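One chain, chain A, links the two complexes that follow: it is found with chain B in the first and with chain C in the second.
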Partner chain A sequence: MGSRIFAWLDQRMPLSSIRGYFSKKTVPRHRFTFWYYFGGLTLFFFILQVITGILLALYYKPTPEQAHESIRLIVNEVPYGWLIRSLHSWSANFMIACVFIHMFSVFLLKAYRKPRELMWITGVLLLSLSLGFGFTGYLLPWDTMAYFATLIGTEVPKTLPLIGDWGVSLLKGEEEVGAETLTRMYSIHIIVLPLITLITVSFHLAFNQIFGSSVPIGTKVQGLPIPFFPNFMYRDFIAWCTGFAALICLSTLFPLGLGEKADPLASAPFGIKPEWYFLPLYQSLKIAPATILSISGEFFINLLVVLGSLMWFIIPFVDRRASREQRSTPFSVLGIILILYIVVTIVLAYTTE
Partner chain B sequence: MKPSRILIPLLLLVASAVRLLAQSADTSARVQPSPEPPVTPGILIPIFEDRLFMLLVGLILAGGMALLLNKKRKKADTEALRDGITK
Partner chain C sequence: MQQSAGPANKPRRDFVSMLLGVWGVLTVVPFLNIVLRYVTPPKLNVVTKESIRVAAVEDIPPNSAKIVRFNKEPIIVVHTTSGQYKAFFARCTHLGCVVKFETEGTPRFHCNCHGSEFDLTGRNLSGPAPTPLRPLKVSVQEAAVIVSSIEA
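On to the complex of A and B.
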């Protein structure tokens, strides 16, 4: 039946040539092949985000009066609404974790080197977009924690010169976090970011199809590569099933709660912390002295993050040794230091008040 | 006999048993207030048995799919090996 449908469609569109093109792609077999799975896993969690997000959008109402109530409705009244919401939240965390793992594995294996520079740039852009999803989605339940965390979070970039004030007012739409902010966050979360992400993912996958997976410098390839279609694709799908199993465990055993409805006139509760992926920045701001090199500590950290992020985008052009297929130890050390810094600051933020 | 032929019916059986247990328990409250603070008293999450049921359904789905895909992967690998495409 399936082959008959394929034959029917093949007569009307170039399916065979498309399949032929995809079947040319191979995946190198070596001791680091395992790390290739995280790119596919990220895509899987993104697909889940889209599906669960659409289901939640059927009931969610983005106004301060109705947002919290609509979430209550989703959790209490809508059949399996609690599960869909939980899956949405947990898969967002899984997706960001996979993006980080994928990015650092690419960084340490120097897979960004020529001719894959654009693949790296689109990948870093996808990380920024994922963080944007996390930030804009956090306010949507309109509970106390979400409200005050967003209030503090939107104050952070204000110190940046030129774009700081403008960016914050564009995001908030008014002086305080209110109805305008919620509408803007919602539209950015469900329209702007998905659209940009879709385009960026398409480019990222197209580059991946064109250039294939890179073999790390000096790594011995073990035999012939694995054909991507269908051999590696099956392996990828098995990894997706494993990811889904982990996701369903957390979503059912630790379903997402909901705090009290936000009261903008109330005082901020004690111990507000952002999501784990913003903790390195939060902790850095917390431990920074009031002034560094005679400038404000907050401004210094923000500037460092902005410059560091810009540098991260252009790493393939900075690491000239890797482009010449030579080992570039300083960049590997930089990557390991960065991973350690992220892990330590997250642990510190969770363990200290 | 392949393990998948025993595993899937067994998991389905366990899932049905849990579901039956959950239904025979106190049905006056299918949901209970979440114990995790700070949660509005009006926010309800399903009782543990209901969540366990969904967990089992999810695991059966993921496990079944993984077994099926693994079977297909082995077949594809054998074909690729035969054709000399891979080692």
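On to the complex of A and C.
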């Protein structure tokens, strides 16, 4: 039966040649092969985000009057609503964690070097999009934490010259965080970002299909490469199922809570913190003195982040040695320093007031 | 009539491509302008009040404060232990969180977001806040606390 359907389809679209094309792809086998799984895992969590996101959108209402109540309805009344919402939140965290692991492993293995520069650039773009998803999604429950974290978050880019004020007003839609902000965040979260992400992911995966996975400089390949289809996909599948099981456990044991409905007139409550992946920025802003080198500390940090991000995009072109297949230790050191900075600031943000 | 794509037609083809290119740019750029203007929030003509009645005098006992909305902005009115009333825009000058009146220890304004502190004249004492809280004129009329938009 299956072979007959295949034969029928094959006469009407180029299935055999597609299969032939995919069967050529292999994954090199060496002592760092393990790190290849995190890209696929990210994709899996993204697919889960799309599915659970669509489900949440069936009940969610993006207005300050109704948002909090509609989430309460999802959690308390809708069958398995609590699970779908928790999955969406846990999977988001897992996805961003995988994005970071994937990115830093690619960075340290110098997999961005020629000819995979565009893979790196689309990848960094996907990181920015993931953070955008996190930021725009955070406000949607309209609870106290969401409200104040967004208030601070939308205030941060204001100090940037030229586009700062305009960018913030574009995000907020009005002077205060309010109804306009919520609808804007919602449409960015469910229309704009998914669309851009889908296009970017397509390119990212296409590049991966064309160039395959890179072998790190000076690493010995062990034995024959792993055929991508079906061998490596089966391995991916195991990672995905394990990831899904972990998500279900965490969502069940630690379901996401819902704070009090946001009151814009109340004093900011104690302990307002953004999601963990914004904590390095949060902590940097917190420890920055009011003025650094006679400019405001906030502006200094923002400038550093903007310049650093631009630099991060063009790393493959800066690290010329790696593109000549030579070791580039300064970049490995830079990667390790960055990882340490991220870990330390996150720990500090959780342990200090 | 069949057109050949031969070299004789090249200048013609180039001309048509250029024409369509210009047309495309003339279509996209003005529309892009429309989209950019559309997504920039409009400045609404909101009627702004000159002053607001915050509360009756007895509603703000000494050493306490009240936060109200005044022309869309939260303001904080504090009744000091020495019997004075003071009013400020309640947004922390750092990143815009609404500050809190803190009575433990020396009475002061505290921002829970990043720990900035202001004394009761609005001066920024510690934390990342770069400037003092903006003060407002406050008065007592007919047993009510009135704040007016004139910055004190």
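A few points about this structure:
In this section, the second predicted complex is superposed on the first by the 353 of 353 C-alpha atoms of A that agree within 3 Å, B and C clash if a C-alpha of one lies under 4 Å from a C-alpha of the other, contacts with A are read in each partner's own complex, and residues count from 1 in each chain.
Here is the rule we use: a residue touches a chain if its C-beta (ideal position, glycine included) is under 8 Å from a C-beta of that chain, and two chains touch if they have at least 3 such contacts.
What you are looking at is a predicted structure, and each value in this text was computed from that prediction instead of being measured.
In the superposed pair of complexes, A:G271 makes contact with chain C only, with no contact to chain B. In the overlay built on the shared chain, the residue A:E175 is in contact with chain C alone; chain B does not reach it. Of the two partner chains placed by the overlay, only chain B lies in contact with A:P225; chain C stays clear of it.
Contacts of A:K286 after superposition: chain C is touched, whereas chain B is not reached. When both complexes are overlaid on chain A, the residue A:F148 reaches chain C alone and has no touch with chain B. When both complexes are overlaid on chain A, the residue A:W166 reaches chain C alone and has no touch with chain B. When the shared chain is aligned, chain C comes close enough to touch A:E298, but chain B does not. Once the two complexes are overlaid on chain A, the chain A residues touched by chain B in the first and by chain C in the second are 269. Against chain A, in their complex, chain C makes its touches with residues 39-41, 67-69, 72-74, 90, 92, 94-101, 111-115, 128-130.
Interface residues of chain A, counted against chain B in their complex, comprise 29, 72, 75-76, 80, 82-83, 144-145, 222-227, 230-231, 234-235, 237-238, 241-242, 244-245, 248-249, 252-253, 255, 257-261, 269.
Here chain A touches chain C in the complex through residues 148, 151-152, 155-156, 166, 169-170, 172-176, 180, 264-272, 285-286, 288-291, 296-298, 353, going by the rule given at the top.
Note for the complex: chain B touches chain A at residues 31, 34, 36, 38-40, 42-46, 51-52, 54-55, 58-59, 61-63, 65-66, 69-70, 72-73, 76-77, 80, 85-87.
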